[in-house]
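Report on the structure given below.
For clarity, chains are labelled A, B and C in written order, and residue numbers in each chain start from 1.
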């Protein structure tokens, strides 16, 4: 199948990939705001020039701030590779049903991951399950890409 | 509009996206060299096997090294999502004037962000302003992508 | 040359870029498993909710866990920019011989980097050499992209 028929919004797989990637991009960007909220609430900053009053301090061990930062780093480790994997996967011309549901799964799982990790803090295995759902879906797609381009 | 008319250097929007992405890729890669310079200057390393003389030590709290590393991580959190967002945004066939100036804005703001964070260390709100300029431009583009692919 | 002739698996350069990117995506994803293995082996976790027995503890200074995490972060700093750079580089219609060997070099160097950094821990300059091989290849490609899109 030609790339012109795949990389187009007429292709439901590419459209779903773009839509859910856009949603995940906004979710990823939201982590910076969440970090800033916790920094201002706990008056905990990463740089001396960020402290505006004597009550503000530079520390790297505030549990609320660091939790959001771990969730953010986990996003970089998983959502950014998904963007790349999903793009290649669209080009392998996969089954639309499977591909669209894999994209939905990754997006839902990563949003859930943030919620249980850094917003409501729900006991395990909530985070482990949401992590592995997105992880295994991404790894499956990456594996298909390698097979296809072999 | 067909993808063949969008993903080509004949499209001024895609050309500008590629050019400014290339500039930001080089800027991003430069952070590793900047980190290494500070590590050698302060004899501060992250691993025992990196220490070559008795004066070299393993620490994770040198303020110069850690500042560059925070700027680098902030780049990963913002420049990498921009690459993905910008690509999708090109495919929404945006106004050339708006798109090209958004790409210029993101590139200029992220270069400025590095300069005021990790090279010259200028007081706030220099870093906050450069951060938000690129952040809001990227979030706007991501939002347009979601709307377009809805 | 038209994008339809470049972004297709009929183009040996794009095929090699996709294949080696897929391999590096799987390698990158493997870092999470490697981190988890070390966490369980050393009973060292990042969050209170991850501790399942009294022997499990929350610490951020276990040398084995942190070494894998540094290798993982280094991957984010170098492999993710390579994905973006390689994509643009394919679109510059480079010499197939040069491009395919650059992709092979980056993939081999980054796999070696992980092995000597976080699996077998081999003295320097093993890690420095594998780092710079991939780094310089990526920087060269990014530079070519900037020139091409100027």
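The criterion applied here is as follows: a residue touches a chain if its C-beta (ideal position, glycine included) is under 8 Å from a C-beta of that chain, and two chains touch if they have at least 3 such contacts.
The chain list, named the UniProt way, goes like this: A, B, C = Microsomal glutathione S-transferase 1.
Since we're looking at a predicted model, the values are computed, not measured.
Chemist: Nearest 5 degrees, what's the C-alpha rotation angle taking chain B to chain C?
Modeler: Answer in degrees: 120, to the nearest 5.
Chemist: For copies chain A and chain B, work out whether under half or over half of the interface numbers are shared, and give different or same accordingly.
Modeler: Because under half of the interface numbers appear in both copies, chain B and chain A meet with different residues.
Chemist: Using mean C-alpha positions as chain centres, tell me how far chain A is from chain B in Å, no decimals.
Modeler: Each chain's C-alpha centroid was found; their separation is 18 Å.
Chemist: Using the touch definition from the top, which residues of chain A touch two or more other chains?
Modeler: Those would be 3-4, 7, 73, 76, 80.
Chemist: Considering the complex alone, what residue numbers of chain C touch chain B?
Modeler: 2-4, 7, 67, 70, 73, 76-78, 80-81, 84-85, 88, 91, 121, 123-124, 127, 135, 138-139, 142-143, 145-146, 148-150
Chemist: Which stretch or stretches of chain C touch chain A in the complex?
Modeler: Residues in contact with chain A: 3-4, 7-9, 15-16, 18-19, 21-23, 25-26, 28-29, 31-32, 46-47, 49-50, 52, 72-73, 76, 80, 83.
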